[in-house]
Each structure stands twice: as C-alpha cells, then as structure tokens.
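The same subunit A turns up in both complexes below, where it pairs with subunit B and then with subunit C.
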Partner chain A sequence: MSNSHLFLKSGFPRAPLQNGLGRYVCQLQRITLKFCKNNGSSKGMRDFIENHLVDFAKENPGIVVYVKPRRHRTPVLVGEYLNGDREWLSCRNSTQEEITKWVDLLRTQNGSSSSLRLRKMWHTDVPSIQGPWTPFLLRSPEAHGQEYPSVEASKPLDAPQTATEKLIELFRQQKQLGDEDVLSQKRAE
Partner chain B sequence: MSIAKRVQQWATFARTWHIYDCTWQNPFESAALVKTHLMGLHKPIYHPMNDCGDHVVLINTKEIALPGDEWIKRVYFHHTGYPGGASWTLAWQLHEKDPTMVMKKAVYNSMHGNLQRRHTMQRLHLFSGDSVPDEILQNVTNQIRTPRTVPQRLDHIDKETLENFPTIMDYPKDYILR
Partner chain C sequence: MSFLRSVAGALVLARPLNSSRTVQTRRHIKRWVAPTLRELAHRQQKQGPQKPEPRAGYVEWNYRSELFAFGKRLGENFELPQLQEAFTQRSYAHQEEEKQRKLGIEEGDLKIADNQELAKMGSHIARAYVEAFLKQSLPKVPKEGQEAIASYLLSTETLANVSSHLGTKDLIFTTEYPPSPESLAESLQAVIGALADSSGVERAFLFVRDFICTQLNQKDLLDLWTPKQPVQLLEEICQQRKLGEVEPRLLGDCGKNTVLAAYHVGIYANRQLLGKGFGEDVPTATETAALDALQSLFDIHENRRPFDFGLQVETKNVRLGN
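Right, the complex of A and B next:
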C-alpha cells in the first residue's frame, strides 16, 4: 500500500443500523450530474438525462437530483450519502447504458465504496460454532494441577530409545519369564 | 458486550506463563523455541498487530551447553560510544560475569530488530539457577519441552539402582578386579 492510502479508512462491509431488516432507507441522499451541452464526451450523459432521469427521480423520491450544465468540461456523477461520504465519478465518453449502471450502483450502495479499504476479503458474524480459541483448549487433563518445573514435562516427546533403556527393558522381560534355568543354562555355556 | 462475551475475550487473550529448563540445551536452538512463545507465534490468533505474547521463565541458564568450541570462539561486541570504547568479550567470559547473559542475547538476537522487540523481551524472565520467586512460579501453567534429552550423570544415580543394574556378562572366576 502506498502513502497515498495513509488516510484511507479501513473496515468491514456492513449495513448501517441493520438497513434492510424490516425497513429500508436509501443511503444515497443527493446525486449531481454535471455535463456539457455540446461537448461530445457528454453525449451519453445528455442521452441519460433526456431519456431516464425524470423516471429515476420519480422512482426515488428520497434522492435529490441536481443537474448542472457547464461548458467544455468532462461529465461527472457525484453521489452524497447519509454517512457523509461523497463519491465522485468521471463519466467521460460513457454511453447511456453505462451511466444507467453507474447511477444504479450509487443508488444501491451504503456509502462511497472506493473510500473504504476492506481489511479482509471475507467476513462472518458467526466465526466458529466451537467458539473462539483459548490457550486452555485441548490441554491434556494431566497438565491440570501439575507442579512446575518438572523433569517429565521437560523431556522431548520424540526422543529415541537409548541403548541403556533397551538393555533394562530386555532384562525386565527376562525377569518376567522367571526362567532362572535359562540364565543358569547360559552361564553353564 | 455481554458478560459471557467479555469473559470469552479474556480467555482468548489470556497471557499464559511458560517455564523452560535450559540445562544442557543449546541456547541458539532454544532461543527459536522461546521466541515463538514470547511473541505468541504458537497461537492460532497470532497477528503482528495483536499483543498476544506469553511470558517465559528460563531457569538454569548457567547450565547451558554451547555447541562445539563456541565458548572460546564466540565473541560478544559492545561499544560504549566513546572513542576507544569498543570491547570484545568471549562467551565464556560473559558467562562468568553474568550466567543469564548468553541466553538473553540469544533470544534477543533471534528476533527481528523492530520497536516491539524490547517490549517482547520484558516478558522474558531469566534465572541462573533453579530457584524462582514464588510469585512468578505460581503463574506458570506450562513447561516447554526441550529439543534435547538431558543425560543422567553417573554420580546422580542412587546407589540401589546402580547395584541392581543388569550385568551384560559375568567375569571369569580367575579375573582380577582392580
């Protein structure tokens, strides 16, 4: 991320005040369409204003629509939102269909989408059914109430058996058989 | 935040205390192990921006074992900042002066030099012997397993075990034991 993003807000996508649950409040408050009356780059914007703008305003009585002609300048869409965000969009050389789509995007989003860096590409309200991890998760029951430091808890788990341990184990096995005569036989040999 | 959620938060971010016995351990091998616990790298919730490091108590640091001839070859550099203030100390000399220093520097050097390193080091508690103050010891809930086994010394084995130790062969009758 470069320095130009230092003051970029970051967060997770969320609906303000549980918008859409029970009631829906359109978050776009004001839309300004700036265009030129005779420049070719404003052709699509002029077409949109002629054909769709009145219908758009009638369908969305909650949105204030400003139309601002200005000479020899690029056509621009500016949306202002309930949370104070302001989104500026250049519509230079855009067609009428493209502008319809952009206006629809401005109308349906919560705030300016370009002024928020998503901290993560995923989000969940229910992170885990098992519950969050704690340091006490999956601890062996023997660890409870154990005295530290202890020699046993310090030993590595994957240590191979030493020759001495092997010898003692062999000796125990012989003892368990209890065959004294085997030993005496060996001695006789 | 409800009471249950608050307690859940405390449990997840609880600082645990670990103890590590340095007897006969390579300090540089141990440092990598201790570092992960100090920084909280062993936790699934680890993130460089969340403060989830644990406390580690190192005991018996005077019993560490440096590999090869590092006691005489490893040199610790210090400069006072004044002209002619440079000094080079061999590892065995440093260990004589302060038996916790070699271990401390091993852990310190195993971490990246950033602003967090000094604060992470504050969570490391070093003791040259095995006597630890009670208020520290009663926090400890886990022991870090050492990478190497500690062999038992012959003079530390009790007499009964020695006498009952299995003999591989019997001496001949005419064999003279000196």
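Right, the complex of A and C next:
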C-alpha cells in the first residue's frame, strides 16, 4: 500500500441492506457511456456499443444505460450505485473485450471499489462466540466457600518442602512404623 | 525571468519593423491562467460548500426508464403511472398546482395525484405483515416485545434507510433535495401500496419480508426491546409457566467495599439455573441476571438460531382487517 492510500476511505466488505438475504438486488443503478463518434481512442467503446450494448441492456433491465456522444473527448464509463457512489473509468484506447470486462465489474460490485481501502478481508459483528472472559469463568468449586484471609490460599503453589517439614514427616513415618511393630509383636504373643 | 521574457517579446515585436518578413505567430506562455484559476478557487471557497445537485437535472436523465428499471431491479412488475404517483409527495403536488393556477389553467385540469392514499395503504400492509412475521418467528416473546420490535422495523429511520438503498432518492418528486427521511419513508410505503395494487397483496407481503423484515438480521434484539422491570416480569413469566419460585443467589463476588466491586448473581427457579449476570452491586447484578434469564426464556439470546427469511407467512394469518 502506498502513501496515497492513507487518506482513502476505508471499510470492511459488507453487503448493503442485507442484500441477498431476502432477494438479490443489483447494486449498479445506472451506467453512462461517453464516447466520441470519430476519434480513434473511442474505437473500442464504439464497437462495444455496436455489438454488446443492446444485449447488456436486455439482460439487465434493472440498470439504466445512457449513451452520450461528445466530440473529441476520451471515452469514459460512469457507474452509479444504489449506495450513492459514483465510479468514473477512463476507457481510452481500450478494446471492446476490455470494456466488456469493466462493465461486468461495475455490474457485479456493490459500490465504488476503487475508492475504498479494505481494512480486512473479512468482518464480523460478533467477534467472540463464547463471550468475554471474566475472573468468575471456570473457577474451581473449592474457591466458592473460601474465607479470606486464608493460610491455604495465600501459599505459593510451587513452594518446595522445607528441611524441617521433611524431618517431621520422617519422624512421623518412623513413629507409625514403630507402633505397627509393637502391634504385630502383641498379636504374635 | 519575466523581465527576460518581456525583453524577448519586445525583440519579437520589434523584428517586423526591422525586416520585411511577415509576423510569426508565437505560442506565448499564458500568464493569465494561474491567476484566474486562483481567483475562481478563492470565490468558490468564499461561497462555501454547495448543495448536492439533483440527478434529474443532468442531460442524461430519462425518468420513464428510471421508473421501469426501479421495478425490474426489485424483480417486480409495477404499473408505471401508479409508481410515478407513489413517488409524488403531497407538497410537490401542491406546489405544481399552485404554479399551474398562476398560469391560468382551469381548476378541473389541475388535479395532480399524490401518494397519500398509497402510503396509507402501504403502511397498513407493512404493519400487518411485520406483526404476523414476528408472531411466527418469535413465538415466545410477549406481545409488548413484539410491538417494540415491529415499531423499530416500521420507524421512519429504518424505512428511510431501506428506501434510500433501493434508489428512491432520485425518483421522488419533493420540494426539497435531498428528500427528507420522512418523504423517503413515505414513498417506500407508497411503493408497497402501488405493488399491492399492481401485482396483488401477496407480492407486497413478500416485498415487506425481503426488504423490511431482513433488517432484523444480526440485530441484538435486547437493543430493540429491553423490559423495564425484568425481575417482576421474570416472576410473572415463571408463575405463568409454572417454573417455580424465582430465587436470586450470589455466585461470586470480588473487590467488595472497593470502587471496582463486582458481583456475580445467578437466578434459580426450582433448583434450575435460569440465567446469570454481573453488576457493580447486588441489585444491578440481579437485574442483569433476570434479563439474561428472560432472554433465554423468550429465545432472543444473541446466539439464537438465525431468523428464517424464507418463511412463508400464510395470508390468512396476516390480519389486514380493521
């Protein structure tokens, strides 16, 4: 993207008026073909008008076609859209095939695409299906009845065992073993 | 530089005096162009922004073709005189009559048809169909909610938006340009009336469905209708549907007695969780939770099944009478 696009109107690809949901409405409402009757640069436009224009108008009764001859001026295509956009295209020295393609582009887009910079190639009104995260989401059941301040909850999760604690544990194990030994001796008696 | 140029000019002018050759035409640098353009730009700036030109004032404009294309674009067959009548606002008709009266035309020939009748008929059809559509696609929403959603769909702003996107802006005969939202909305209603006249009420119903009802797509229905007292409404609904006593319970809180306190309240009925919500204090959180519960009870949650716009509302269910 060059610097000249910085001040271009920007937006997202959107269908105007939920187009296509109920029924499809062609968004090009009128097209004006301006050309010169004898200048060479209008040759392609004249050929297009001679060979394809009537078929185009028959196939698209919803588009009003205006043909405007003017002397010694460059041939031009002007499309007007239902959203109020107006697109101007110079067709100087274009062949009739090229003009057919440009006309087809104007017919199938829903606004002046050359005057809109797409910020993204997609758009959604609902970015998150799950909804926003909250601190209450997926909490453990123990956290519910917790009384604060609590010694248990204030401890770090990864605190290693201290030497004192290890000693106490060993002592308890020995004591337990000792008790069991006494019990087994009594049973043997 | 300009001095040099003037000297050169003087030399050129002086040459014929010296020699007997004919005067050679020379392409001068047009020094008047830039100041003139500057002056024109200055004047334009002084005048301020200009009003938009009506499209009808252009050379390439044919009202009849535009009317024909309007119908074809929407896939409908209109009778053109009727469509033209639908686009004639009363104010414009009055203005024209006044002009003709001044010219001395007899009273009998003065009558210009305006769209009042058609608009009335169209708005009646649109209201009847939208109500029937909402009744069928939102069966669990109470009548009050359906009315609120219908009034959004039939509001002047929505209708004007639809109307301008169908290309009526250039076709309307009004005294002002661009046409006001009221006249845009009114002419859309008149178009619906004209359609009912030319191709039958059924086509008009489909038109309303395809262009007005589809505006509900991706709308948050809670934005269009929010119950005033959700807790009371929830209690009533639970009583009606025999879901049991409504009981709000605190699910969690954090930051008590601080500015950033948050409470999480769940609403239970008969030991079933109906909905939950957050708030900066318990009453607000309860209200949000009640709204959430109502949304799921009425099936207007944001993640509900999308509207079916291919829905065929039977004509006998559309209440056109009265």
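By our rule, the second predicted complex is superposed on the first by the 112 of 189 C-alpha atoms of A that agree within 3 Å, B and C clash if a C-alpha of one lies under 4 Å from a C-alpha of the other, contacts with A are read in each partner's own complex, and residues count from 1 in each chain.
Heads up, the rule we're going with is that a contact is a pair of C-beta atoms (placed from the backbone, for glycine too) under 8 Å apart; a residue touches a chain by one contact, two chains touch by 3 or more.
From a predicted model like this one, the values you see are computed outputs, not experimental measurements.
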> Of the partners subunit B and subunit C, which touch A:40 in the superposed model: first, second, both, neither?
Replying inline: neither
>> Let me test your reading of the model: by the given contact rule, A:157 touches which partner, first (subunit B), second (subunit C), both or neither?
In response: first
> With both structures placed on chain A, which of the two partners, subunit B or subunit C, ends up touching more residues of subunit A?
Replying inline: C
>> Under the stated touch criterion, which partner chain does A:168 make contact with: subunit B (first), subunit C (second), both, or neither?
In response: first
> Is A:64 contacted by the first partner subunit B, the second partner subunit C, both or neither?
Replying inline: second
> Which of the two partners, first being subunit B and second being subunit C, lies in contact with A:133: first, second, both, or neither?
Replying inline: first
> Can A:145 be said to touch subunit B (first), subunit C (second), both, or neither?
Replying inline: neither
> What part of subunit A is shared between its subunit B contacts and its subunit C contacts?
Replying inline: 134-136
> In their shared complex, at which residues does subunit A touch subunit C?
Replying inline: 16-18, 21-23, 25-26, 29-30, 32, 61-64, 66, 68, 80, 82-84, 125-126, 129, 134-136, 139, 144
> In their shared complex, at which residues does subunit A touch subunit B?
Replying inline: 131-136, 143, 148-150, 153-157, 159, 167-168, 170-171, 187
>> Show me the residue ranges of subunit B that touch subunit A in the complex, using the header's touch definition.
In response: 8, 11-12, 14, 16, 19, 21, 43-45, 54, 59, 130, 137, 140-150, 165-166, 168, 170
> Inside the complex, what are the residues of subunit C that reach subunit A?
Replying inline: 55, 59-62, 65-66, 68-70, 72-75, 161-162, 164-167, 169, 209-211, 213-215, 217-218, 251-252, 254, 262, 264, 278, 302-303, 309
